[in-house]
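Both complexes shown next keep chain A, but they swap its partner, so chain B is in the first and chain C is in the second.
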Partner chain A sequence: MAEATLRTVPLDKARVLQWLQTYGVYAGVAALLVVNTVITPHFLSAENFRTQAVQVAPVIIVALGMALVIGTEGVDLSVGAVMALAASVTALYLGYGLLPALLVVALFAAAVGLANGALVALVGVQPIVATLALMVGGRGLALVLLPQLEDLRNPSLASLGSGDVLGIPYLILIAAVLAVLVAFVVRRTTFGRQLLAIGDSRPAAQLAGLPVRRVLIIVYVVCALLAAVAGVLATARLQASDPTSLGNLMELSAITAVVVGGTPLTGGRVNIAGTVAGAVLIQLLTATLIKHDLPPSWTQIAQAIVIVAAVYAARGRGKR
Partner chain B sequence: MTVTKADASVTTANNEPTGETEPVGSARSERLSALIQQHGALAVLVLVSLVASFSFDSFATGDNVSNMATSSAFLAIVALGMTFVIITGGIDLSVGSLFALGGVLAAWGSRHGTLVALLLPLAVCGLIGVVNGLLVARSRLAPFIVTLAAMLGARGLLLAITDEGADTFLIGKGSFLAELGQGTTLGLGNPVWITLALFVAGAVVLRRTRFGQHVYAVGGNEDAAALMGAPVARTKILVYTLSGLLAGLAGALNAAWLASGVTILGNGMELEAISAVVIGGTLLTGGLGYVSGSLVGVLLLKVIQNVINQIGSLDSSYQQVVSGAFLAVVVIAQTWLGRRRQLM
Partner chain C sequence: MQRTTHRPRLLTRPGVVALAAAVALTAGACAKSEDDASKDTQSPAAAGAEQKVVTPKPGSKTCAIDAYGAEKLDLKNATVGFSQSEKEANPFRIAETRSIRDEAKKRGVKLLTANAQSQFSKQISDVQDLLAKGADLLVIAPLNSDGWDPVLQAAAAKKVPIVTIDRKINATACKDYVSFIASDFVEQGRRAADQMIEATGGKGEVAILLGSAGNNVTTERTKGFKERIAEKAPELKVVFEQTGDFAREKGQQVTEQLIQSKPGIKGIYAENDEMGLGAVAALKGAGKKAGDVKIVTVDGTRNAVQGIVDGWISGVIESNPRFGPLAFQTLETFTKGEEVPQDVIIQDSAYAADNAKSEISKAY
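The block that comes next holds the complex of A and B.
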């Protein structure tokens, strides 16, 4: 009898927590939308939505890759550096045309991802440290290649950054297509299942005969490529290559979006829709604080609290 | 001079047992692996310093060495706290922000006297360390995400205090605080002596006290440590508190040295500190590490930085490339050596 009561109480609490973990991020986005509609002037304008969406698109793209890496119980701190590297390389090779420049960017990003993946999968280095090395080195390399901000005047790059189809900016379209693609890969492909199995338990995946090393390396390469896409898009939007500050703290924003979206840091589970919503939530929160003239310091403190709250709500989830 | 200092502190650790059980039939190669892991960084430091002093006339001068020692001191204090955290298997990414926050608080407090100037940063940064520790130990959240949030929050707090970074607080000339940061004793800056004292104390605490044993035990195997009756949660809370305190102190000393609380300091310092600790032979998986190694790691980073500055024609961003590559090489070597030791 006592046992039964003991069991029901935590069960209810667990149910609430589980609801929060799964739908909390959407509830948060909805709440912010409602609150802003009431308190923020000109919030419900197409112009404002467009601005917010264009700003959040690069974060979403980076967070998609981060979600995959976190799904394998890893983390990639080098994404911001890869964005900077993409910006430098774009500026250097833009003279040969946009497409060749993009190819070289992809090569550089793949090399960084390969290095990350090889360190994690082949050498067995912890993901935090492996990607830390690439984060420091990658940003350095970006600055060596292009020491200062450079304005870019290239019509095709400009149209990539500010053009649209039927009123929807390319940036948003690309982010949406990539999100659907990544969600499809996670849910419907063998690769996605293998990725989650590795995140659940690497030894078990190994014993089951899964190609653990190959999958891990591909995941880090994909993450770096997505970060490079975000870097190119951000550069296109700015119309300038800014290796000093582009992508600073991006790893933090991406990890926050993933975690707030209900993907546990312990791996084995990936929630792509939640990740997109997580990025939107943080963007809306920041925009709300800024629109009401709260200083950036408050934004940072608020973001810190959101991160801790999200991780706290997600604790005990996933495998133990 | 740099090398001698590192030498002295490493010898201390060398004479003491590593606290690790030696595998049966310890082969020569196994011992060699352990030796490289523990003293590899020192060998590289000696080598780089020797090459640098032959290559650049301005390297082995008294001024340059004393400058390097002082600029190493602040990072070394931060790395000392980081060593404790990493040995428990954790990580503290908030130290860079706490370093900057400590400096600003010290400069702000200096108008109310030296005592306030020193105690305020310690209290605030220590408190943030306690919160980090509580979230990691009691709520069982991942250390990197907790301290990442603290990094952001502390930076926000710093901006809030300084009117979004617009205010810079100065430390008056001739005060005890300024003397603490800028004065010299026996030719070396006071921060250097404070750092050395802290490292000796840190080594003693880690090697000779029950708390130190708990730190190793928690990092070696948390469950086993708990079964043996080690206070796992308390140990973790204490190491994060210690890391916060030391980062705040380093920031305060740095502000005293600069005579002002500079708000933009400490960016990327957590990475430097972690690199130094890892280069010094402390395993990121926890359970094995050396305070002296972290000091060597810091000196190595600063010597490399100095050499790159000496070359002159090289941009300072090369330094980041070299640091990143160096960290990768060290981590590969360590993982390889560690695996070798386990297989033996």
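The block that comes next holds the complex of A and C.
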């Protein structure tokens, strides 16, 4: 009996791990939805789902860019700083109107992305180091531009943050459209395939004549632009620009969403649906613990467990 | 906004002897100096906003120059070094640094300043730099309570008296440093509880938006609030305690979760103004009306006091950052050879519906 179990375990385990990596995040989301429906008062309400979706939207948007970068076997630690920078620049240029402000935000974000991409693709700096520099420098710049929180009273910005179309908030719509767009790029375009090929093996991609540098630079620019979108939306929702704390630890939330969603850190594969589900999973987990007034430290521990589980499942897949 | 620790640990209830009177005397001039400051900043005149000291307790410890081992000097001819802990990115730090600068200017004292940008190692080297540049006296807003030995030794070697503001250092008063000036955070919590009891009628369920974890400001503001609730209004129940990390966005997000899972919540105690303003944003977003949920906060920033005027916030307990007059007065008294208290506790004021409009100019 015992021997039989021993023999069958490895096979079953591999299968379970593979299933977990592909569908675990959805199972986790489903489980949290069911559990909350049972134990959390007022969970099954439109307002509650709206709140969770609105809160998670910026995380999803940042995670989309992060997924692309991780798909190239990179990582971008500067996304939180870019959010702060977007908040500062929005506050500074809002006087000229929302659209001009957004254009300047896009310029700043593109510059950060360009710097990241150039360091990684042209200079050959490790992504974690290159983006660490911009993470520190970006927030520094954000605070130089706007040293303290500033309330924003701009009607267009306010409606961007709290308005809706047919009851669906702009934040959720924007996140959904961007997710579909990024998924399309990854799956259906040459650029997407090039990105994955680079993540799989950069030397091979180079030998195959792919435009490695260009693709890498574009990926980092896109990641920074997405982070800037998230920064503007979070600022719009808060109706205040807070470069001191906006986007703090966002890089970690985004990486968590990507990894939990089944995208391996080793590159070559990007799971956009899983990334979205990963962000939703963490959001629901946090919401559950907050709603039941459990100590904040539990949230961090619970997140850690989810991350370890996800990485463990990924490890099983790698060995397959 | 005040994310990191910037407030002191209060170990003892202090007492004050000569200071209260001295400060009262300088009050008028002080207001004038802040008038001047307002010309190049957004902050208007803050008349009456200067720090006052709580009534001294008999038998509280004092410090004199002989016991400390420094030499008498005339403050007017002295150079004062000021080491700030965090960058001036929140209203508290901005007002604190401005107050020190203004007071030095008013008294015609030469001031050297440094900002540690929230890095403790930088603060240590900042203070050593200030000593090397010839500071005769030091005012320090410490980032940490521990780890000051190298600085204290260097200062002692040069016989430079030190006054710490807003956070205490773990060292011996009147030996390693002269005095420590700060608010009483437990008392701030108690007074916030009083306001909450009044706003809610002392019945129902309330929530606490905690500050950053592991921060003594958080611990003490929570302790005072809960103590007073338990003692005065046992029918008021604290049913929710989650951290908002002293940040507006986090306060907003946590409050959104709160009002959906506990729609019957009567009040929210936010341990700083920023989280309270985040709670206001959440309530507005959920379609609540001003006053539906009573909010009490601590700090006394202009935005929060404006929140009282607008009806969204019920009360704000002040944490007064204007350390300049008291710090310089302490140094002057001390260097003249008179005794100064070792612990100087500030009397913070409070804002509610009855005085918010008339006293908003005092807010920072």
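Before moving on, here are some points about what is shown:
Just so we're on the same page, the second predicted complex is superposed on the first by the 304 of 320 C-alpha atoms of A that agree within 3 Å, B and C clash if a C-alpha of one lies under 4 Å from a C-alpha of the other, contacts with A are read in each partner's own complex, and residues count from 1 in each chain.
Following the convention adopted for this analysis, a residue touches a chain if its C-beta (ideal position, glycine included) is under 8 Å from a C-beta of that chain, and two chains touch if they have at least 3 such contacts.
Because the structure is a prediction, the values reported are computed rather than measured.
In the three-chain model built by superposing on chain A, chain B clashes with chain C.
In the overlay built on the shared chain, the residue A:Ser245 is in contact with chain C alone; chain B does not reach it.
With both complexes placed on chain A, chain A has more residues touched by B than by the other of chain B and chain C. Legend: residue contacts after superposition of the two complexes on their common chain; A:Pro147 is shown touching both chain B and chain C. When both complexes are overlaid on chain A, the residue A:Val308 reaches chain B alone and has no touch with chain C.
In the superposed model, A:Ala14 lies in contact with neither chain B nor chain C.
In the superposition on chain A, A:Ser297 makes contact with both chain B and chain C. In the superposition on chain A, A:Ser45 makes contact with chain C only, while chain B stays out of contact range. Legend: residue contacts after superposition of the two complexes on their common chain; A:Val123 is shown touching chain B, with no touch to chain C.
When the two complexes are overlaid on their common chain A, residue A:Leu33 makes contact with neither chain B nor chain C.
Contact with chain B, but none with chain C, is seen for A:Met135 once the two complexes are overlaid on the shared chain.
Clashing C-alpha atoms with chain C appear in a single stretch of chain B, chosen from 24-32, 42-50 or 60-68: 60-68. According to the touch criterion, the shared surface of chain A, contacted by chain B in one complex and chain C in the other, consists of residues 143, 147, 296-297.
Contact residues of chain A toward chain B in the complex are 75, 115, 119, 123-126, 128-130, 132-144, 147, 249, 252, 255, 259, 265, 295-301, 303-305, 307-308, 311-312, 315-316.
The part of chain A that touches chain C in the complex is made up of residues 40-43, 45, 47-48, 51, 55, 143, 147-149, 151, 162, 234, 237-240, 242, 244-246, 248, 287, 290-293, 296-297. Taken in their complex, chain C has these residues touching chain A: 1, 3, 87-91, 94, 210, 213, 239-243, 245, 247-250, 252-254, 256-258, 260-263, 274, 277-278, 281, 285-286, 303.
Put simply, chain B touches chain A in their complex at residues 91, 135, 139-142, 144-146, 148-150, 152-153, 155-160, 164, 268, 271, 274-275, 278, 284-285, 315, 317-325, 327-328, 331-332, 335-336, 339.
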